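I've put the structures underneath this note.
Okay, so chain A shows up in both of these, paired with chain B first and chain C after.
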Partner chain A sequence: MSTKISRRTLLATGVAAITLPRFALASNPEDIMRKSREMRRGLTNSMADVTMTITARGRSTERKMRQYVLETSNSGNRVINVFSSPADVRGVSVLTHSALDGNDQQWLLLPSVGRVKRISSSNRSGAFVGSDFAYEDLSSFELEKFKFSAAANASVGGKTLIQVDYAPTYSGTGYAALRSYLDPSHYQPVQNHYFNRRGEHVKTLQLSRYKSYGGGAIWRPHLLVMTDHAKGSTTQISFSTFTATGTAESNFSANRFQRVS
Partner chain B sequence: MASVRIIRPAAALSLALALPAGADTFSLDGFVGIEARNFLTFDGEPRQIYSLTGEIRSGGALTDSLSYDLRLYGRTNLDGLDGSYIDPTIAKLTWQRGNWQIDAGYDLVFWGVAEGRNVVNVINQRDQIRDQFFDQGLGQRMIAVRYFAPSVTVEAFVLPGFEELDFGATGRTWGLGLPVDDSRSTFEASDGADHTDFALRLSGGVGNLEYGIFAFDGTLRQPEFQVDTATNTLIPNYVQGEQIGAEAQYTTGPLLYKFEGVKVWPDSDSTYWSAILGVEYIIGDIIGIPSETSLFAEYYHDSRRDDPSVAFENDIFLGTQFRLSNTFDTEIELGVIIDTDDGDFIGSFNVSSRISDNLRASFEYIYADASDQSDGLFNSRDIDQLFVSLEWYF
Partner chain C sequence: MSASPLDPKQHAHPRFARSLTRVLATYPRLALLCGVLVMAFAFSGLARLQADFSYAGYFHESDTWLQDFDRFEDTFGNDDSIIIAVQNTEGLFNPASIALLHALTDEMWQLPEVIRVDSLTNYQRAFAEGDDILVEPLIAPSAELSADFLTDREEIALSHETLPGYLVSPDGTMALLFGTLRPSGETAPDAAKVVAAARDLVARAEERGTGHTFHLVGAPMLVASFAEIAEADNAKIIPLLLLACVLIIFAVLRSVWCVVYAMVVIVTSALGVLGLAGWLGVQMTSITTVLPQIMIGVAVADCLHILVTYRLAQKDQPDRKQAALYALTKNVKPTLITTVTTAIGFISFSVSDIKTIAELGLAASAGVVLAWLLSYLLLGPLLLLLPFGGARAGEPMRLAPERTKTLVRWLAAYRKPILAGFAALILVGSFAGSQVKIDADPVAYFTEGHPLRNGVEAIDAGVGSARNIEIMIEAGCADCAKDPDFLRRVDTLEQWIEARSDVVQVLSIVDFLKASRRALNDGDENEYRLADTQSVIAQELLFYTMGLPLGLSVDNRISTQSDALRLTVMWRVSSSSQALQEIALIEEEAARLGLDATVTGKYALYQRQESYVVGSFLSSVGIALLLISGLLWMAFRSFKLAAIALLPNMTPLLIGGLGLWLLQENLNVGTVLVVSITLGIAIDDTVHILSEFQRLKRLGLSARQAFEGVFAETGVALCATTLVLMVAFGVSVFASFAPYQVFGILAAAVLFVALVVDLTFLPALLLPKDEGREDAKPKSAAWAETTVAPSATPKPSS
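So, the complex of A and B:
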């Protein structure tokens, strides 16, 4: 009898594991997003080649860059983007020190005149190099930048996902609210919805081609597709495989990032 | 027919660097272009200049600690006018290990934080043929030793020789009142343009404050002019001197506060100082147009208030740069420098945009209006010009 109960219990537990999303174990939205962040961190110092394809009014243009990312334990990520295409901006490079409060520091290298310029990062809602991504969409995800309001089950495309609602708390944002749908198997977002101040759903980001690193402890998407519903345009960002050997940690500084190409 | 002048005897080094036998990986890119410049109110010659331009860039690692960089710029005038040249803007070997870096060869160094002009940008001679407002620099021979601490960089420069300011076609107007004969340039140093200069710099950042201080000893890049009454031309004279300077920028939200200052001790002339105080303000989308706009306001002071050869001694620069967030990277710039004493001014309007994946087009209109004969801007009355260029990048 006890064996049967035990088997039923095990069977029930197994079914629940398949049918119930794991977030039921941690339904606090901030805890869920903390876990999501933890499960995409760990490469510490990585590099990837990035191709951005912007499609609007039937015309596509492509930008290419090499991206170096340094994860830090007590502050936001440090990122170097070095553009290689279009050809007239080849070598232009941007260093970003993400801040937990959203007030990122940024430096721009203009190789044509040999100038490194500290620039303002206040235009967070502005379009990144003419794409459908705003600067804030590409800034590193830090819990301190958001206020989390709710988490729930949601059925999307026949799959049960974890829906988390939250809102930016930093100044200069173009959004009143965001909604992420996380895959419960690795707690990574597969869709983000962006809402403006009128509550309109203005943009959708789809994240796919997830690959795991570090023996399954680290998950990264390799394809991002942002759709601007008002403009009818889309921007696709594809990443090469992330390599764990980026550039020297010391190069993620204002006086040395021009060494990186 | 005008000959192409190779600005420095560096062609062999440049070519050697262009084909690095031991390079692990190297890049090769550049552009070719065509330019047309039309002087609108100049009574002399030339009134039009048509040029072919081009640049080859290459770079790569030779070993784990040694790399090379090459940027060879050249231009030739299509109508046979003087002013053709080849400039190895960058042709250097770089050695890096730990916190140390040594660069040897031709390099381009930019110092400064202001937008309209920079008084602390003293290492490279300006390439005024490429850019009337001195944004571009000519390559400078140097050995530069740099030490990088976490937030401070210390740099020492040995600069064996310097480049003369190139005045291009004989008779071309530069807003100086008379044509310049740079074939008869004079030098205070006994070894002329081969004089070795020295510079030291310390720069860094603390939070939102960026700063730099420097000291320089050697040939001052901007020449004085002597009038040759026989030929009615100006003869550049390059003097020796020492200078110290400082720059700072404080960034807070959309506001950037800027300062540049320099004090100069010419060996054979009176000491003077120049300073810039400026502010930049960033605005996001305007009337729903995805864009970013920078607004600039800068004040220029020079202690040589009574020297009519000094153009910007008590002037204000007002400017804006409008960057459309489109796939063409379209930029529109409007700027004007106004003399606060008499209202004389010089202004420019510039539009630059990619028109296909590899083609970039630029248009510039420069306009000046001056009536005070005692001010340096007075001679800029004949500088009005239209400029168009088309560059194909590969």
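So, the complex of A and C:
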């Protein structure tokens, strides 16, 4: 029965028309997530201003950065984050090469120290600049990094969403399981639940302010709110509109990313 | 009830006493119903009873130290850790031990409520390797544990700036694993749950880790152990106490039914007080768990006075009902006065800065009133309604008239030595009391051999310390904690603290900043220092934090806003007096450096609570004495008697001080209760003696005859109740909560001495000089008529 409903939902969105062969397998979680991934890709080389607000027990602090993203066809995304605030880390820049196996590579430019350093990134679970986001939460979504277990329709707050359960297969993760709730209209997650190895629901990510680019083919959230239930803290990331005026593809490399500001 | 010619004493009872018993006699069933309702009300509070064995149970919400701590917890999270110590006397840097540490680290993450695990193996070290700079665990789980590698790691660990004295012992034979609990938030972490899982973990580790010794310590262990020993102590002590009550009461009354009546009141009072605690919102702590014990003692006293009078009166009054009415009437005034004085003694605790002591006083004073109500509304109707407990029972314990005469003559003859003896007691007691130190060690609250105490002692001897205090240093503005001048002053403070003799290690962000700088400068040892500008410091910090895995971030060392730092001081200081001194010195040094430092942490809270002890003690004893004297003045309507009544009640203070001094024990949250609790109870003896003395005098008896009368009835009841109370508190020597062992011995000693003083000092003071030598003639035939008949039963008690 749930299959029927999801089929009907799919039909209603009309997007299934492009991928008819896969339509029959729409309740397959991996297919759903593949579709989800496809529907957010396409801004090959983009740039956005990012404001991150970390709030813990009523007090908050803000970090600002400019983010450049280069999508690649056969490997993970390449991202450059350049900090503009707080003032003492202005100009600090981080280059990340996401890898399909989850073993990302990172380089850090510290202008005051005057050096570019490669960072050991075996710790995928670490918090990104003191926020409630781990690096792995921000790393590009690649099907190869997960094992998908189930998909079903779920009613959340009166809306019917597609619930997908999956688990990371890469080393160094902090999670035992993940659960995404996708909006059937654009297949993008509106809520992610993160479970630790004790099986506890430790974090929740709410994704909202979805906007479409490329004539409705590419969907991107512009507000992410991550809540850490154990610590009781939240981190909000808001993106400006993504622009195609990124930086040259060649700048996404370890010896050139310091030119980007 | 009409005045019976067989009960000529009745006219000497106060009118309210006669009215009360008249109502009891007329409507015994209604009275019983009221008694049952009171009981039901008290019991219904049991469902509301809550326990809090954590630090919070000791502090009022408005306490500034508690508020300081809450601010600290808001900024840096919980400072509670469950700590596992692993020891291998052969050294830990071998594949088996390291594998064990890896497994333990991993399993500790799985413990409930744990959000962070710090261990020797997962310590995040910043270092340079060739062109790369790395932030990596000291020994990663994936590392190949070759002999060379392990020797290298041992060298790094033991010469590290932070690790020895924190996560590893200086000789590399013991390692500590810290599992930090989540912050309190809406509900505090469940210590019992953490401890149960941790014990399970250690039990499993003991199975596979042959050659290793394990210890489990830390704040959750302290909290859980307090709860466990409180429960175990009550399970051990209460049945013992009830059994002793049955035996003593039977020995005195020689009537099975009277024992049953008494036990009904005693057991319902002991349970009822917990119900009242529930209604009053009083939480169970290591301190308040003593409530049932107190209540058993108080209820026994009320019942025994009534029942001893009843049994003795049966000799001359064959009608059960009349004997019961006489006993009930005679005791209304003294039991009411003692109830109020005892209640005042307890309610005076409520000014205490130590929350649990204030709450103990509140619940105990309500319980004292409950015990009196139940004595009159349960025991009274039972005596009047049930046809049991008659004269056919055995001969009750009594004092032969010639013995009372001898005793009184003897007391009159030795007036001066008795008074001199009391004066000597005052001198010795005051001197000893002034020598008593105020000190405590929460760990030493557990008796020797308790696993927690063993663990702490083993860690003190190995790694150095499992006790930590926390210092929050506020920079004043966002990002100012990265200011080099501020950090240099923090560094100076840290080094100053580390130089203190009992300090093993101080942890702070400064250590990480220096290590990061060294790593960024290709491992140059000269660069193990703070940078000169804020932007360099901020970027070094960012570099370090970018390499940290989940749960090991530095948000427990520097606030999210970068406006405050945290210093954790691992020290060996065990006594609260030394801790308070050291804390004061640290605060002084911080102020000298111009740092806004707040010393806090759970351990500091436990220690600081002891500084409230003296204030609590003085104010509660002072208020109690003041209120009690006022009450006695009103009750006796005689300033002289009220003043005299106060004198013997310095005994609890004197014996308490003397006892602590002789036992070489300190005044702390447990032992301070001795004086406060016994004060309210010891004064009962005085009240009973003086009230009966005054009544008999008003009948026209001489002072000497009056005392003979007092000894004959009241004296027996007093000896019996004191015996029960001595047992009631004395059984605490079997407690596992060490302060209660001392409390038990001292309370029993105080009550014994208090009775001896009351029975000797009061007559010595009130008997006229000449009366000792000549026999005054009885002025009242009525007295002679009811004087107890000669009996073969000797007086074995006291």
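Everything below uses one rule, namely that the second predicted complex is superposed on the first by the 236 of 261 C-alpha atoms of A that agree within 3 Å, B and C clash if a C-alpha of one lies under 4 Å from a C-alpha of the other, contacts with A are read in each partner's own complex, and residues count from 1 in each chain.
One rule holds for everything that comes next: a residue touches a chain if its C-beta (ideal position, glycine included) is under 8 Å from a C-beta of that chain, and two chains touch if they have at least 3 such contacts.
Keep in mind the model is a prediction, meaning the values are calculated, not measured.
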Legend entry - Fit or clash between chain C and chain B when superposed on chain A: clash
Legend entry - Touched partner set for A:R259, first chain B, second chain C, both or neither: first
Inset, instruction - For A:P86, select first, second, both or neither according to whether it touches chain B, chain C, the two together, or no partner. - result: both
Inset, instruction - Kindly classify A:V113 by the partners it touches after superposition: chain B alone (first), chain C alone (second), both, or neither? - result: both
Inset, instruction - Could you tell me if A:S250 is touching chain B, chain C, both of them or neither one (first, second, both, neither)? - result: first
Inset, instruction - Scan A:I54 for contacts with chain B and chain C and give back first, second, both or neither. - result: both
Inset, instruction - Give one of first, second, both or neither to describe whether A:G130 is in contact with chain B, with chain C, with both, or with none. - result: both
Legend entry - Colliding region between chain B and chain C, picked from 181-189, 415-423, 433-441 or 559-567 after the shared-chain fit: 559-567
Inset, instruction - Please identify the positions on chain A that touch both chain B and chain C, taking each partner from its own complex. - result: 54, 56, 61, 86-90, 112-113, 115, 117-120, 122-123, 125-127, 129-130, 172
Legend entry - Touching residues on chain C, where the partner in the complex is chain A: 74-75, 77, 109-110, 112, 115, 131-136, 140, 182-183, 185, 478-479, 482, 520, 533-540, 542-543, 545-555, 560-562
Legend entry - chain B to chain A touching residues, read off their complex: 27, 29, 31, 57, 59, 96, 99, 101, 107-110, 112-113, 124, 135-137, 148, 150-153, 203-205, 208, 210, 249, 251, 253-256, 280, 282-285, 290-292, 324-329, 354, 357-358, 360, 391, 393-394
Legend entry - Of chain A, residues touching chain C in the complex: 54, 56-57, 59-61, 86-90, 92, 94, 106, 108, 110-113, 115, 117-127, 129-130, 134, 172, 174, 197-198, 230-233
Legend entry - Residue ranges of chain A in contact with chain B within the complex: 54, 56, 61-62, 86-91, 103, 105, 112-120, 122-123, 125-127, 129-130, 171-172, 250, 253-256, 259, 261
